[in-house]
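Two complexes, one shared chain (subunit A), two partners (subunit B, subunit C).
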Partner chain A sequence: MAEWIDACATDDIDEEDLIRFDHGDRTFAIYRSPNDEYFCTDGLCTHEQVHLEDGLVMDYVIECPKHNGQFDYRTGEAKRAPVCVNLGTYPVKVEGDRVFVEI
Partner chain B sequence: MTKRDYSLLGPDAERAVETGLATAEWYHTDIPRKEMKALMQRSDKPAIRDAIILFGSMIVLAGIGIALWPSWWSAPFWLAYGVLYGSAMDSRWHECGHGTAFKTPWMNNVVYQIASFCMVRNPVTWRWSHARHHTDTIIVGRDPEIVAMRPPALFRIFLNFFGIIDALTGWKRMLLNAAGRLDTEEVTYIPEQEQHKVVSVARIWVLIYMATIVVAVAMQSILPLMVIGLPRLYGAWHHVMTGIMQHAGLAENVLDHRLNSRTVYMNPISRFIYWNMNYHVEHHMFPMVPYHRLPELHEKIKHDLPAPNASILDAYKEIWPALKRQLRYEDFFIKRELPGSAQPYREDLHEQALSVPAE
Partner chain C sequence: MSGIVIIGAGECGIRAAVTARDTGYQGPITVIGEETALPYERPPLSKPDDSGAVEKPITTLEALSEKAIVLKCGVSAIAIKRDAQEVVLSEGGSLPYEKLLLATGSRPRPLNCIGGDRALVLRTIEDANAIYAAARTAKHVVIVGAGLIGLELAAELRTRNLNVTILEAGPRPLGRNVPEQFATKMALRHQGAGVGIVCNAQIASCTDSGVVLNDGRIFEADLIIAAIGVVPNTELAASAGLTTENGIRVDSRLMTDDPNIFAAGDCAAVKTAEGTYRRYETWQNAQAQGEVAGRNLAGGNALFDIPVWFWSDQYDLGLQGVGDTSGSPAAIRDLGKDAEMLFFFDDDGALVGAAGLGRGNAVAKDIKIAQRLIGVRLDAAALSDPGHNLKKLLRAA
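Our next item is the complex of A and B:
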């Protein structure tokens, strides 16, 4: 059953950037948008399972560091080849200066 | 001596998967996240400037070539136009395929489609082939873009200086795809949901070539083919010359781009044609960095890389003897020396490849 997990502090992530978040045996990516919103997706690219933590955030797009595939990190939608399969996304809430992810 | 099978369906492909060389973790030089973020930032400006210079030069050169045709005075203009069509388009295909040249996605796509047509590389097929090249760089049986195999097919490479093998293969493949079929190797790396696009593009290209040939027949002249099609042959030499330098003679089956890729300093004209891909170790290690930031990336990480070759000539002084030696002894390769400040090679990953004598 999903539960809210305290993942990081709001200022752990720079504006228009992401960090890696590991929980149990799973890995995630948490994003801070240019408009100061927070989002969470699976951490590994659906193309060849490379972690997105070293990727580039541009507006609402995350680009994979290995093959330049792109996803909309709000919806997980695959936007640019070579990625074809969408990323999983997870609800996020901010309480005070903490970011919580429902996983 | 080990016999290699470079096909994607052969025993070396299976062995690469079994030994963990396929889809593996590669070495990266440490760079602080803030610096890397700055280097990865996209910009339209440099690529728009370069596109104006490139396409503007092509229009002017082809225009003069047409005006002087059929005089031999047109030859130098065709040779220059050919290099832009048959070689500069190789690097535009490459950079726009990565999506890093322009910030605006549609600009990358437009130039990618034009460059793919000029190079006779199906834009769908080759996007996937190049992704595999980055996943499994110079891993035998996995990388579909190994130019200098062992033993090196020197006659084939020589013919490709005139585009003969690559372009003919591209045109043959175009006809196969236009007939609604894919090559058996293509099927291994193009996802099923993308395969119909390969066919659609091939059919559009066939129509363009047919229109060009019809005009040539109507004019009773090869002039239309001097503009479209033939420059892929008579202008190919520069991209083959620079392409060979990327990996030839270096180690295979290693997980460190410092071992299997080559950075070469070169003159500004060649760098414009090649769009800075002479910083090839840097490009493979960090494919997110746009071509116009590669010189900066090079400065930041060169303490961790082998010394670059000083020039094109210097690179060939290293490559040519290595290729000749591989004709007789195909296990031979050039082992790159790292500076004292560099992180060491992952010997555990490279034990098998590096245990073979190298110089």
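Our next item is the complex of A and C:
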């Protein structure tokens, strides 16, 4: 059953960047867009299970640190080979200076 | 009707086929692969799991079938009839082509000494499985060649508690494409793990019991691996009268002397802006050239000019490089936690290459930014200042 989890403070994430968020035995990536919006996806790339935390965020795209696969982190859509399986995405809300994810 | 024929079903050939179709090409696309296995990625071959080499498919038959790409595995091309625009197949018969791509790859350079055929090599999934099967009973491994493949295998086999010695003909490990300070750090990491590295080693012979050097030194080995580079597979092109010299010569569109024949990946020697020819042997190059070739097979006019990028994982260390990293770095950036980036400039102060070394993927983000900054004139002081955000340089570029 998904529930809202207090994941981090809004300024824990640099603009146009991401952080890793672990909860239970699951791992996620939380993004802050250049327009100050927040998003959440699965933490591991669908290609070789590499964590996206060391990847590069450019606009709305996260590039995997390993093999340059790209995803749109708003929708999880795989954008460039070698990735072909989309990332799971999760609802995010901001209350005050806290970021909540529904996972 | 004739269509696109691609010889070689590795990363490059498959990428080209998919790109040609995604670009809108409507005709038949056929990929011929010599290996019987479905197309698989080679990078995982040096990173096995407990049961042996990991076979990671590049694509699935369903995905190819959805794109109407025909894959013929276990078939090789034995001749190209350029006048008739046909490829003669090993299984008999021939395939007509409108455009042909040679993505024939490369093969391991054989160890040229007495008993050199005792050395195993790493290229295919069968090669990898032969090495890991032998490693289960071996005690002493000698790896000939301290390049990236040799060092990756050394790290893997040392982690399995084998006694590992690397014999390198040159004066230092990783002499060909890794900045000297990183090569030194990597060598120290290996030596710290107990791997012996012997440079300036000229091999006289391989025997039942080990490897003998010209100077008489003997290194005991019950497993010998040769990792001394690759030779491009150019024979098919040469016998069809195309120009080859350390690779099949192509222009920046990846077109050979024959406007209907292209070459890409490990086998292609691409003309540079300076008029010389360069061959690249990285996974990312196979992918990038495959995409350029795919567009041009479909009638496009794409040019190959992006900097080539590579990575290598050894123990807990991740090494990455992009572009030209020869000479002395113009700027050194300390990323903390033992991670470091080196930036290389041309005479005008423009970035030509960068390399990074750190734990895991610590340098990945900065390498990706550097890749986007190639060709841009940069301030060495800003690059060297860890407090200066590299993305700001990118936005300003």
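We take it that the second predicted complex is superposed on the first by the 103 of 103 C-alpha atoms of A that agree within 3 Å, B and C clash if a C-alpha of one lies under 4 Å from a C-alpha of the other, contacts with A are read in each partner's own complex, and residues count from 1 in each chain.
As a working rule, a residue touches a chain if its C-beta (ideal position, glycine included) is under 8 Å from a C-beta of that chain, and two chains touch if they have at least 3 such contacts.
Computed from a predicted structure; not experimentally measured.
Asker: So, does A:65 touch the first partner subunit B, the second partner subunit C, both, or neither?
Answerer: Both partners, subunit B and subunit C.
Asker: Just checking: does A:54 make contact with subunit B only, subunit C only, both, or neither of them? Give me first, second, both or neither.
Answerer: both
Asker: Please work out whether A:88 is in contact with subunit B alone, subunit C alone, both, or neither, and reply first, second, both or neither.
Answerer: Touch partners of A:88: none, neither subunit B nor subunit C.
Asker: By residue count, is subunit A touched more by subunit B or by subunit C?
Answerer: The partner with more contacted residues on subunit A is B.
Asker: Going by the contact definition given at the top, which residues of subunit A touch subunit B in one complex and subunit C in the other?
Answerer: On subunit A, the residues that contact subunit B in one structure and subunit C in the other are 48, 54-56, 63, 65-68, 81-82, 84.
Asker: Touching residues of subunit A toward subunit B in the complex: what are they?
Answerer: 14, 17, 47-49, 54-56, 58, 63, 65-68, 70, 80-82, 84
Asker: Subunit A touches which residues of subunit B in the complex?
Answerer: 23, 33-34, 36-37, 40-42, 98-100, 105, 127-128, 131, 134-135, 191, 193-194, 286-288
Asker: Once bound in the complex, which stretches of subunit C touch subunit A?
Answerer: Within the complex, subunit C touches subunit A at residues 15, 18, 41, 44, 56, 58-59, 63, 283-284, 287, 309, 311, 360-362, 364-365, 368-369, 391.
Asker: For subunit A, which residues are in contact with subunit C within the complex?
Answerer: Going by the criterion above, the answer is residues 16, 48, 50-51, 54-56, 63, 65-68, 81-82, 84.
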